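Dropping a structure here in structure tokens format, bear with me for questions.
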Amino acid sequence: MRSLISVLLIILLSLLGGIPDIVEAGGRGEVRESVRDRLVFGLSGDPNTLDPHATTGTLTFQTMRSVYDTLVEPDPDGRIVPALAESWSINAEGTRWTFHLREDVQFHHGRALTAEDVRASILRLQDPGFASPSAHEYALIQEVRVLDDHTVELILSGPHAPLLATLASGWSAILPADLIREGHDFDSEPLGTGPFRFERWVRDSEIRLSRNENYWQPGRPLLREVQFRIITEQAVMAQALMTGRIDVADIVVEPELSLLRQSPAVRIYESPSALVMVLAINTRREPLDRLEVRRGINAAIDKQAVMDTAYAGGEVVGTFMDVANPYYLDFTDLHPHDPEMARSVAAELTGGRELVITLPQNFEPHVRAGELYHEMLRNAGFRVRTQLVDWSTWLSDVYREGRFDLTVIGHTGKLDPHGRLAQFGTDQTYVGWEDPPTVEAIEAARVTLDPEKRFEHYAIALRRMAEQLPFVFVGSPVRYVGLNAELRGFYMDSRLDTADLRNVRFEAP
Amino acid sequence: MSDLRRREGGGGAILALTVLVALGGAALLADRIVPDPLTQNLGAMLLAPFTQGHLLGTDHLGRDVLSRLLHGARSSLIVSIGSAGLAALIGTTLGMVSAVDRRGVLDRALQIGNDAILAFPTILLAITVAMVLRPGRYQVTMTLAIVFSPVLYRVSRVEARRVIQKEFYQVSRMLGTGRFMRIVLHLLPNVLPQVLVQTASLAAIAIGTEAALSFLGLGTQPPHPSWGLMLSDARRYLVQAPMLSIFPGLAAAILAFCFQFLSDYLAERFHAVE
Amino acid sequence: MGVRWVVSLLAQAVAVIFLVATSSFFLLQVIPGDPASVVAGLDADSATVERVRQSMGLDRPLHQRYFEWISGVSRGELGVSHVQRRPVEDLIRDRLPVTIRLAGFALLLSLLLGLGMAVIASAHSAGTTLTRLLEYGAFAFPQFWVALILLYFFSFRLGWLPMFGVEERGSMILPAVALALPNAAVVSRTARASLRELLQGNHALAARALGIPKSRVFLIHLLPLAMIPVLPVLAIQAGYLLAGAIVVEQVFGLPGLGRLTLSAIVQRDLPLIQGIIVVFGLAFPLLNASADFLVGLLWPRLRHGQSS
Amino acid sequence: MTSLSIRNLIVEKPRRRGTLTLVGPLDLDLRRGEILGLVGESGSGKTLTLRALAGIPPAGLEVRDSSGTYHPPCRTAMVFQDPMGFFNPRWRISRSLEEVLRVVRRVPAPVAPARAGELLEAVGLAREEGKLFPFEMSGGMVQRSAIAMALAVEPEVMLADEVTSALDPATRDRILQLLCRVGRERQVATIVVSHDLPSLAAVADRVIVLYGGRAIEEGSPGEILGKPRHRYTDLLVRSLPGRETRGAPLPEIPRDPAGDPILSSSAGGCPFARRCPVALARCHGELPDWSGEKNHRFRCFVPVRGEDHG
């Protein structure tokens, strides 16, 4: 008996070992400030790394946007405005870009920002050994020349209009040159010039940031502390927001959206997203290689119903561009919803072949949309089957290798339309749709710096796509963020999908 | 004494069998007795039970919950019975081979292989195998069969070795009964009872595991229903439509109850016979 | 328990782990999905993906990678995570405490619940029926569903317990209960069978015949004895607990090994998945051995060896 | 001076249709210090009788006497056939003894170890041997410890169930003698159950022969062994080894066509009637009353005469 008790005691003690920190942490959490200057930001997943050069994951940029700055940045009106660079100039050929840096910027470890940091950051992005997934966006930069401490020049092999947008994106974060040289662990200890300094990261749990007192924008940021809480279960996220445990829920979709709308403690922040939701069609495969079949499929889909039911509302689009984009053109009248026409196509042209809809199961709305497509196509007389695959399989099988009939995905926007359209019309994309006029137009737009001329080029490409239907273009949804009703100054750039927390504050009660 | 034991749980076992047969029948005839489980009605989503002719209401795409439940029974029955049965086949065969292996080399190898499978975290093994086989209801059946077979391997090996040591088996060996016949005549009938008990119990566990795999997207493929998939879909609607989770949850529980009842009943009976 | 016993146990464990490691390595090569594509993301062109693949070392021949990895494992190095770019053993070490605490708490809970159920079942025939239903229920309801229902009632509705994370007081209670329930059923089944046998056995009879009260016989004499078959079962169940943690940690947002495993699988972080499997593979014989040790402690006859 | 007096002890099993009587009705009277032997083949109800007397009948069985219900009328202690199973395998012998002393006799904890030691010495063990676990002892030592355990409760009646059958022959007699010696010394009435008639006869003051749950013959050991009267006892005695005098073939007790003697006894007649080679018709219908003298009585319509044994 005594031995049994002693064993139980040992087990018990080892378990109780964890309790002090639970109690301590719990006590800390209870503190209620009179004027709140601490933000708890609910994040739907854990970033893989905090190194913005090493990933394309939105979660990294969502958190690191507040730790790093970029040379230039987008403003709410979609223009690109100065940030670390006070001003810049581009030569007539578009091959020499000169940036003048601010002189009052300090890294979090106290050293002032110089041109050398910009050079080191871009070289790091280009380094084949480092293998940044964003490397291709900098491929045209042949040389980064430091003219003086605060002037840096990018020498391009040819004109490349999207570069400015690239430099304004999260992956162009400027890292300190000295730490890059030392091989600092940017994966888990990020250090930049941004409004908040990194405090700690408990993986799969939280990321803590604190105010950068020396931030170059005077009086910013307003918050003292930002805590990103990782909450993967959407239902929990919604409850946490309603009960005040978190102040921001980074992504809100149905059914939580309608729940949150009813809560007085919650305000829903809406912005048109830069996403284009599509039912992608593999145009390499028989019978999908025929335009009539694609039109039949397109005609079978009630796009507004899909947007409303699966994606919580949004506007229907007729081509490969989001509604809010300055380059958007309305082609929705080109192919109306027409179940009758779809039925005749299904009966006459598919030869009874079964179409498989491959669904990525990482994002629930896509699965729901897939179920809707399945039913709509079935009703029109198509033979359909649905196959769920996980995100990795989707990426390699569907996206890289083009092994699918139909698939559901949302194409994210970038600051520059090139980010979305690059490569379309060539045989490089997963839909396999080849169209030389489109390729030509996209390439012409890439090397053209004048926005109006670019618009004309892109218009050609977008019209070709709207006519040729390599996708069923469904719509661009609204991006919903759940906010504490007392929160002010929140801004989410929907094209970068990251929140700007510099002006966020709580309204005094 | 034995009649007393037989009565214990006998009623439960009959009830369990009745429910199983009824479920099986309903699953087979689902096409005839309930509307199509795929038909969506976007105007009638998340209806409460007993409204607009939907006995158990509708789901988030306006599909009839009762039809999905009955059609889902098919998946659940196929997966649970199929995987447990296959596992019994694999596990028992290998277990008996292991037990009769005279030199012990094969036995040793099988044991280490078996331990290796057991050392894999169950769900991880299930996920990995399910990914290799690709998602789907038959693939899940195969996956679970592989995951479950070590349990039956162990049981049948232990039972077979017990039988081999008994006099009657040794006698039949001395009498010159062929090895194969010996296994069929003496080993199998004596190993089978315990295997049956475990198989029924595994069938019950399969239901929960299938649901977990559906939760991870590796089970039955939408829009076709399975209880696990329905549960997984319904979890988002816990607040708005709790009934959506209650029905498939209960159905899964009842099916698992039935298998457990059968397993326990068989165990009692065989215990009594011994 | 002589030296030979320990050596053969060790040899067997090494063989098992080697087999687990090797089979997991090759099995994972077959699963669809490309780690480089995941890291490179949607917008990368094929040259970038290729470069990422090279940086992961995935362009080298399979056998070379295997020998490198397996020799690393033998030195206790599990490689570097493709996605998180940190040593796998660090990643696992970071998450282990949460999962061990969760699993330990759940183990304790399942022991208490299970024994309690077994006692109730043995005390009353009505209790037997009730216990059996509870046991069935614990098996029958899918774990993630139980977890969600618990979350819904105790956190959302009643607000008694925290809904995510590990910081707040009592944050381990709901996950541990969700995790413990199926185990409690196994414990209860085993303890119930063992108690039933003990109750009919000579020792119970003897104690009763000498006039020791029924309740004392039950609680003081028999219950500790009933624990003996429960322990090895518990050891096997501990393995299942770690597996169940994948689902439970996901629902309750606990930063443990289960979450790590799931994200490793989703992202095809092969070294990480392999590392986790090896750690689990190590835990399995370890748990079995510790159960044997505990049984020895509780049951002197076994401790004194197989001499009698 | 009787220490136990029971009338019409019955052990029965309630069933859906009527009850099945397994033992009795049985009358038992014991004096203090008396050694009573209960003898019978397996299935005759010996163990059941003891367990009924001790108040621990198997589950599902009911015990009653002439008063309607049965409670042990005095403090009883029981020693079992399997001495290992008697003890908690996880406890040292002294711990088991102290448990009984403290829980049953309410001996204060500080005194208990000394009392346990005394008991061990009383059964011929050294005090230090109490520090052993049951499995570390020989069968004889464990059975001695079991007797010490029984003595610890200071019983008025001691019940010994086949206590020697698990032991080797050399130890067997010594244990039996020990049991009877401590019983006489401490004036404890003892019921010893065995199927081994000769060794029982060597120690008992009185022997009762059980068949099918009924007492069929009772008397001093010498009388029973020397002049058995009931047909069953007769066959039993004649089948003992070393009795096959004059080259006569070993008598065989015929098989019971109904299988279980208990089942045939519940029909109402002599439980042995179906196997009895000389049974009369009435033997199947009723069980005869006791006949014979006070120190040797039997229940048989066709008793064996003395001269049959020559």
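Lettered A, B, C and D in written order, each chain numbered from 1.
The criterion applied here is as follows: a contact is a pair of C-beta atoms (placed from the backbone, for glycine too) under 8 Å apart; a residue touches a chain by one contact, two chains touch by 3 or more.
Bear in mind the structure is a predicted one, so any value in this text is a computation, not a measurement.
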- Spell out the chains that contact subunit A while also contacting subunit C. B
- Task: When you average C-alpha coordinates per chain, which one falls nearest the overall C-alpha average? Tell me, please.
- Result: C
- Farthest chain relative to subunit A (centres taken as mean CA coordinates): D
- Task: Any chance you could check whether B-C or A-B wins on number of contacting C-beta pairs?
- Result: B-C
- Note on the structure: Between the Cα centroids of subunit B and subunit C the separation in whole angstrom comes to 22
- Query: subunit A to subunit D: how many Å between their CA centres?
  - Reply: 88
- Task: Could you grab the centroid distance between subunit B and subunit D? Build each centroid from C-alpha atoms only and quote it in angstrom.
- Result: 52
- Taking each chain's centre as the mean position of its Cα atoms, how many Å separate subunit A from subunit B? 42
- Task: Would you please write down the residue numbers of subunit D that are in contact with two or more other chains?
- Result: 90
- Query: Among the residues of subunit B, which are close enough to touch at least two other chains?
  - Reply: 131, 134, 235, 238-239
- Mark out which residues of subunit C touch at least two other chains, giving numbers and ranges. 32-33, 148, 156, 220, 224, 265, 298
- Task: Indicate which of the five shapes (line, ring, star, complete, other) describes how the chains touch one another.
- Result: other
- Task: Let me know each pair of chains that touch one another.
- Result: A-B, A-C, B-C, C-D
- Query: Which positions of subunit C touch subunit A when the two form their complex?
  - Reply: 32-35, 37-49, 51-52, 54-55, 83-86, 91, 94-95, 97, 101, 104-105, 107-108, 148, 151, 155-156, 159, 163-169, 171-172, 220, 224, 227, 250-256, 259-260, 263, 265-268, 294, 297-298
- Could you pull out which subunit C residues touch subunit B in their complex? 12, 15-17, 19-20, 23-24, 27-28, 30-33, 132-133, 135-137, 139-145, 148-149, 152, 156, 182, 236, 239-240, 242-244, 246-247, 261-262, 265, 273, 276-277, 280-281, 284-285
- Note on the structure: Given the complex, residues on subunit A that touch subunit C span 1, 3-4, 7, 11-12, 14-15, 18, 22-23, 25-26, 28-29, 46, 48-49, 51, 54-57, 128-131, 133-136, 187-188, 202-206, 229-233, 235-236, 239-240, 243, 245, 362, 389-393, 395-397, 399-400, 411-412, 414, 419, 422-423, 428
- Across the complex, what residues on subunit C touch subunit D? 200-203, 205-213, 216, 220-221, 224-225, 298-301, 304, 308
- What residues on subunit D touch subunit C, complex-wise? 51, 54, 56, 59, 75-78, 80, 82, 85-90, 99-100, 103-104, 133, 135-136, 146, 149-150, 152-153, 159
